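Have a look at these structures, which come just after this line.
Shared chain: subunit A. Partners: subunit B in the first complex, subunit C in the second.
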Partner chain A sequence: MANKNTSASMKTRERLWGLAFITPVVLQFLIFAAVPLTIAIVAAFTDWNIVRGSFEFVGLDNFVGFLNDKKFWTATANTAFMLLPIPFYLVLGVLFALGCHHNTPGNRIFRVLFFLPYVSSIVAVVVLWKWLFNYEYGLVNQVLMSWFGIQGPNWLGDPDWIKTTIVLMIIWKMIGITSIYVHAAMKNIPESFYEAARLDGASPVRMFFSITLPMLTPVLFFLTVVGIIGSLQTFVEVQLFTTDGGRNYSAGTVTYYIWQKAFVSSEMGYASAVAVMFGLAILAVTIFQFRMSKRWVYEGE
Partner chain B sequence: MGRRSGMTAASLAAVALALVTGCSDASEPATDKPAGEKSEITFMGWGSPQEVEVFETMIAQYEDRFPDVTVEYITVPAPDFNTKLQTMIGSGQTPDVFYLIPDYLMSWVDAGVLANMTDFVADNEMFDESNIWPAALATYSTDGKQTGVGDIYALPKDVGPWALAYNKELLDAAGITPATADDLWTWDEFTAAATAITAGEGTNKVYGTAGYSLESAVWSNGADWLNADLNKVTVTDPAFVEALQWVADLSLVEGVSPSQEEQESLGSTQRFIEGRIGMMGIGPWSQAQLWDEAEFEWDIMPWPVSPATGEEAVWFGGIGFAVSSSSKDTKAAMNLAAFLSVNEDAQRTNMEMGQAVPNLIDMTKNEFLSMDRAPANKAEFVRILEEYGRRPTQTKTFNPEWFSVFNSGLSAVYSGDMTAAEYASSVEAEMQDLLDKGIAEQDAS
Partner chain C sequence: MSEEPITSSLTIERDERLGKSWRTSSNRRRLGLGVAFVAMFVASLSMVLPFLWMVSTSLKSSKMVFTFPPQWIPDPIDWANYAEIWSVVPLGRGLLNSTIVTVLVVVIGTFSSTMAAFAFAKLDFPHKPLVFNILLASMMIPVVVILVPQFAIYARIGWIDTLLPLIVPGMLGNVMMIFFLRQYMMGLPTELMDAAKIDGAGFLRIYWSIFMPLAKPAVAANVIIVFMATWNDYLGPLIYTHSPKNSTVQLVIASLTAYYEEQTDFPIIMAASAIAVLPVIAIFVALQKHFVNSFAVSGIKG
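Moving on to the complex of A and B:
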C-alpha cells in the first residue's frame, strides 16, 4: 500500500476538507444573497411585472421614473427623519448602562423592563401603541386632558405627528439593547485607568468624559453604523401604524415605497431600481462612516 | 482514520443537503396522481370569523356533492390579500379559485391570469344564467375594451347594494319619520334630520350620521369621476365639487358627522352599534353583525337625492370568484366557483346567516324578502339592485390607479385643510395621467 501520509496528499486532503467545510456557507451566500442581488440588479433595468409576466429591458426608465416621483422624495425626507432616534437612544442607553454599572438600586428590574420591548413581537408592540396613542380613548391623551388640561394631538392621524410617534416608539424600543452592548463594553474598561485618575484627583464627571466615553467609542461606532443601516430601512412600523403610508404619505419611508411598488402595484422592475439605488446610498453612507471612524474611534493599544 | 473521515464526510454532506432542501417549499402538492384519485384544488379568500365559518360549511357541502375533489381553503387577512395573491401568481402557484376585486378585472384578464367562464356559464349543471342578477354578471364581464359586456371571467360572491341604515329609536326620539320610496328626502331634509338627532358632548355625543356615501352624493348631483367614454377625469366639474363639499360640510360646518380624528379613533360601525350614530351606510354583509350586537331597532331607507336633480343613485359592489387560467383541474375549480356563487343550499346558508342578498333572483324574491329579521324594509336592497344602483366608476376602467390617487389625498377635504374645489384642481392632472397610462396599457395589449 502506498504511503498515505506524503506531504502532497496531506495538503490536498486538508484543502479538500477546507472546501467541504465552507461549502454550506458559500452555498447559503450564493443562493440567498448573490443570486437575488444579481436578479434585482438585472430587474432594475426591466419592466418586470409579476401579474402581467412582462420582462423587457427598458434601460434607465425606472430610474428616471422614481427620481421624478414626488412620493419618492417625500419618502426620502421621511426616511431621513427616521435617523432621529439614534442620538437619543444612544445617550439614554449610555446613561442607563452607567446606572447598571454602578449598581444603582433597581437596575436589575429596569434591565428586564427595558429589554422587553426589543424581544416582544413588533406587531404586539404596535397594537399596544395604537391604543395608547388613540386620539379619543388613548391613555396618553386622557392623561394629558385630565392632569394637565391639554388636548393631546392626533398622534397617529395627523401628518405632523405620526413620524414623531414612530420615532418615540423606536427610541423606547432600542434603549434596552443599546444599554446591554454599552454595559458589556464598560465592564471591559480596565479598572487601572480609573485608579490612576482617582489618584490624580479627577472628579467622576471628568472620569466619565476622559476615560469612559473614549473607551466606549468602538461600541458606539458599531451601534451608530448598525443603527443607521437599520433606521434607514424602517418599514414594519410604517406598515402596521398606517394604511397607505399615512395621510399625505407623511410616514412612508423608502422601504415602504419599494414594498408598495413591488407588491401592491406589482411593478417589480421599478421597485428593484429603487432598491438598488437605495442599497448603494446606504453603502456610501456606511463607507463614509468607516472613513470618519479613524478620527474618533479608539483603536486600542 | 478512514472510518472517522468517512463519517465526518457523510455528516457534512447531510448538513449541506439539509441547508439547501430545508428551505424549499414544504407545501408542494404531489403532482403524480394516478387517474381516478382525488384531485385537490385551492381556494383563497378573506373574511371575518363568521364568514369563514359559513364558507367552511359551504365547502363541506361541495365536497359531499363532488367526492372526487378536496378543497384546500386558504384565508388571508384582507389588507394582505392582494400581496399574497400576486406573489403566488408570480411563483406559478395561483390558487385555483380566488376572490377577484372588480376594479382589477380588465387588467387581470389582459394579463391572462383568469380563465374564461362564458362557456361554462352557458352550459353547466349548476345554475341557470337567467336566474342570476344581471348586474352581478355584468360586473365580471369584459370584451377587452370595456366592462359590462363580453365574456364572463368570474362569478359573483355577492352583490352588495349599499343601503342607508338608521337607528329607529334615535329617529323616533327626534320626531323624524324616515324617507320612503314614494317620499324621498332631499339633501336639506337629510341635513335637518341629522341635526335634530345630533346631541350630547364628549363620550355621550350622538351624531346624526356617519360619513355620507360620496358616490351617492356625486351621482345624484349629476356628476361623476370620469366622463361617459371613461377617458377624461371630470372631478373639477362644479356639480362634483358641490357634492364633495356638501359631504365634507356635514362634519365641518353642520357638525352632524364625526370628524376625521374621531373616525380614526373609533370606527363608525362601532359607533352605530353603540347607538351613537343615527344613520349610516351598510352593505348586506353587516346584517350578521347588527343582529348580533345592535341592541336597538334598526331599518334601512332610500338614499336622499340632490335637490338639483331629484335622481336616486348609490353604488353596489361585490367580490367575484375567479378561476385561474393555469388551474390543473379547471372543471372542478369552475364547479367550486359556481357552487359557492349559486348553489341553493350555500346561498340559503349565506342568506340566513345575514351575510348577503342571494345571487339567485328567485330565492331573493321568494325567501329573502319574507325573512322575518331586520331590516323590515329589506326590499330596499332589492330596489337598489333593480332600479337605482350603479357599478362604481373605478371598476369600469383598466385599472383603478387614478381612483386610488384621488382617495389618498381626500382626507384633506374632510379635515378642512383644503376646499373641494382646491383639492379637485390639485389632483386632476395626476388622475388624468394615471388614467391615460391605463388606457395606453390597455390599447397596447
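Moving on to the complex of A and C:
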C-alpha cells in the first residue's frame, strides 16, 4: 500500500518535472511562433500600417495588389534564380567529399580550409566579395586582365551580373558544409558492398554510380530540401550587396520585397499577405519534394 | 585497409587472373590520388586566398590598394587601420553587444534545450507526442512569415532598439537542438534513470548528473552551431536595433561598409571584417574536430 503510494507520487512528480522542463520551449513556441503566425494570417486581409496605426479589414485587396505589381513578379523570377547554386554546390561537395574519403594527402587541412567561408559571417563574406569583385580595383578583374587580357564585367553594378555574383558567392560558401554532410554519409556505407563489387571486377567509376551515389541519396535529399527552403528565402545577400534591390530591381527577391514593404514603407498588412502566400508556396514545394523523393531516394533495407 | 589482402585470401584463381590488372590498378590509384590532391589543393586555395587578401588589404594604407599588379605582402606593412578602426565606428561596443547576446543565448539556451530534450526523451507527461510534433512542425514556418508580427510584438512591449529580441527567444531554447539531443538521449539506457530513482535522486539530479555528462559530445556539437549562428546573425540586429549603442558587430561592419565604400577605403573595411571573423575562425580551428562531427551527427539521423 505504501509502496503503491510512493510510486503514484513518483509518477506525478515525473509528469510535473516533464512539464516544467518543456515550459521554456513551449513558451517560446507560443509567443514567438504561434501568436505571430496567427497575426500574420489575420493581418494579410487588413490595411495594417504601423506608422498610420490602421488595422482595417480590406478583404483580398492586398493579394490583388501584389499580384498586379510588376516588381513582385520580378522578385519571383529573381527568387527562382537563387535556386541555381544548389546543383553546383551539391556536385562540387560530393567531389570534394570523395577526395577526403580516399585519404588524399593533406585532406584534414583541406577540410578545415574548405570550412572557412561557411563559418565566417555573411556580412564579412559579402564585404570581402565586394572588394574582390570591385569593377576597377578588385583582385578578380585585375587577374582577368593581367593573365587573360579580359576586361571583367561590372560584377556588382551591372544588373545582368549582380545575381550571378551572388550565386557564385553562395556556391563558394556552401561547398564546404555540403562536403561535410556527404563525407559523413560516405563513411556510413558498409565496406562489404565495395568488397563484393571488387570481386566482380567493378571499376571505381562503376562502383561510384552503382553503390556510392545511390547510398548518398538520403543525404542529398536532405541537403536539397534544406537548400531549397533556404535559397527561396535569400535576403541578406541582396540587402548587403545592393541598395533598393539593385538597378531595375535586378537582384530583389520575394523576401527582400516583403522586407521593403514592411520595414521601409510600413505596409505591414500588404507585407503579411505576400509573406503568407509565399510561406504556403514554400510549403507546397517542400511537400512536392517529399512526394517525389520516393522515386529517387534510397530508403534502406 | 588496402584491398589486396582481403581478396587474395579468398580466391587464388582470381588472384592469378587479376594479378596484372591489380598492379596497374595500384598505379592508377596513385595517379588518382595525385589528381585528387591537385584538385583539392586548387579548390582549397580558392577558399583561402580571399581571406588572405582580406588580411593583406587590411595591412595597407588606403592609397596602396590601387597599385598594380596587386601586392600580396604589403610593403610596408601598415597596422594603422587596426588602431584607427576603434575610434571610427563603435566596433568595441559592437563586439561587447555580440558577446553579451551570444553568451546568454548559448549558455541559458543550452540549459533550456537540453532540459526539454531530456524530458522528451526520458520522461512521461501528458500529450508528449503531440507537443513534440507541434514543435517540429514549427520549424517549417519560414522566418519571413512571422517577422512582421514579431516586430509588432516587440514594438508593443518596448523591446525595439534593445538587445532583448536577440536574447530572450534564444534563451528559451532551440527546437533544432532539442530535436537532435532528444534523438541522442533516446539512445541512452533508461535503466540508468530507474536505478537513480531507486537511490532517491530527483529528476533535476538525474538530468544534470547522469544524462548531461553522457550527452556531452552531442551537446558540444550543438553548442558550436548555436554559437556560430548567434554571433554571425545579421537579420535580427538589422530589424530590431537601430542606434549604434545597440549594434552588434555584424551591424557595425555592415554600416561601416556602406559609409566607407564610397570613399573606396577598403583597408579599414577589411580590418574591421578581419576582427569580426577572427573569433569564429579561432573557435572553429580550436574545436575543428567537434565541429565536423556536429554536422555529421546532426545531418544523417534527420
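By definition in this document, the second predicted complex is superposed on the first by the 280 of 301 C-alpha atoms of A that agree within 3 Å, B and C clash if a C-alpha of one lies under 4 Å from a C-alpha of the other, contacts with A are read in each partner's own complex, and residues count from 1 in each chain.
Criterion: contacts are C-beta pairs under 8 Å (C-beta built on N, C-alpha and C of every residue); 3 or more make two chains touch, one makes a residue touch a chain.
Keep in mind that what you see is a predicted model, and the values were worked out from it rather than measured.
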Applying the touch criterion given at the start, work out whether A:Y135 contacts subunit B, subunit C, both or neither, answering first, second, both or neither. first
State whether A:G157 touches subunit B only (first), subunit C only (second), both chains, or neither. first
Would you sort A:F21 into first (subunit B), second (subunit C), both or neither based on which partner it touches? both
Touching A:F288, do we find subunit B (first), subunit C (second), both, or neither? neither
Contact-wise, after the overlay, does A:S146 reach subunit B, subunit C, both or neither (first, second, both, neither)? second
Subunit B versus subunit C as contact partner of A:Y298, first or second or both or neither: neither
Counting residues of subunit A in contact, which comes out ahead: subunit B or subunit C? C
Could you look at A:I177 and tell me whether it touches subunit B, subunit C, both or neither (first, second, both, neither)? second
Just to be sure I read the superposition right, which of the two partners does A:R52 touch: subunit B = first, subunit C = second, or both, or neither? first
Would you sort A:I258 into first (subunit B), second (subunit C), both or neither based on which partner it touches? second
Those residues of subunit A which subunit B touches in one complex and subunit C touches in the other: 21, 24, 27-28, 31, 50, 134, 137, 263, 268
In the complex, subunit A residues that touch subunit C: 10-11, 13-19, 21-22, 24-29, 31-37, 39-40, 43, 50, 92, 95-96, 98-100, 102-107, 109-117, 119-124, 127-132, 134, 137, 139, 142-143, 146, 172, 175-177, 180-181, 183-185, 187-188, 191, 195, 198-199, 201, 204, 218-219, 222, 229, 232-233, 235-236, 239-240, 255, 258-259, 262-263, 268, 271-272, 275-276, 278-279, 282-283, 286
Residues of subunit C defined as touching subunit A within the complex: 1, 3, 6-7, 10-11, 14, 18, 32-33, 36-37, 39-41, 43-44, 46-48, 50-51, 53-54, 57, 65-66, 68-70, 112-113, 115-116, 118-120, 123-126, 128, 131, 134-135, 138, 140-153, 155, 169, 171-173, 175, 178, 197, 202-204, 207, 228, 231-232, 234-235, 238-239, 250-251, 253-254, 257, 261, 264, 266, 269-270, 273, 276-277, 280-281, 284-285, 288, 291-292, 295-296, 299-300, 302
Listed in rising order, the residues of subunit B that touch subunit A in the complex are 9, 12, 15-16, 19-20, 23, 79, 82-83, 86-87, 89-90, 107-108, 110-113, 260-262, 264-266, 401, 408-409, 411-412
Subunit A residues within the subunit B interface of the complex: 20-21, 23-24, 27-28, 31, 50-53, 134-138, 154, 156-158, 243-244, 247-249, 263-266, 268
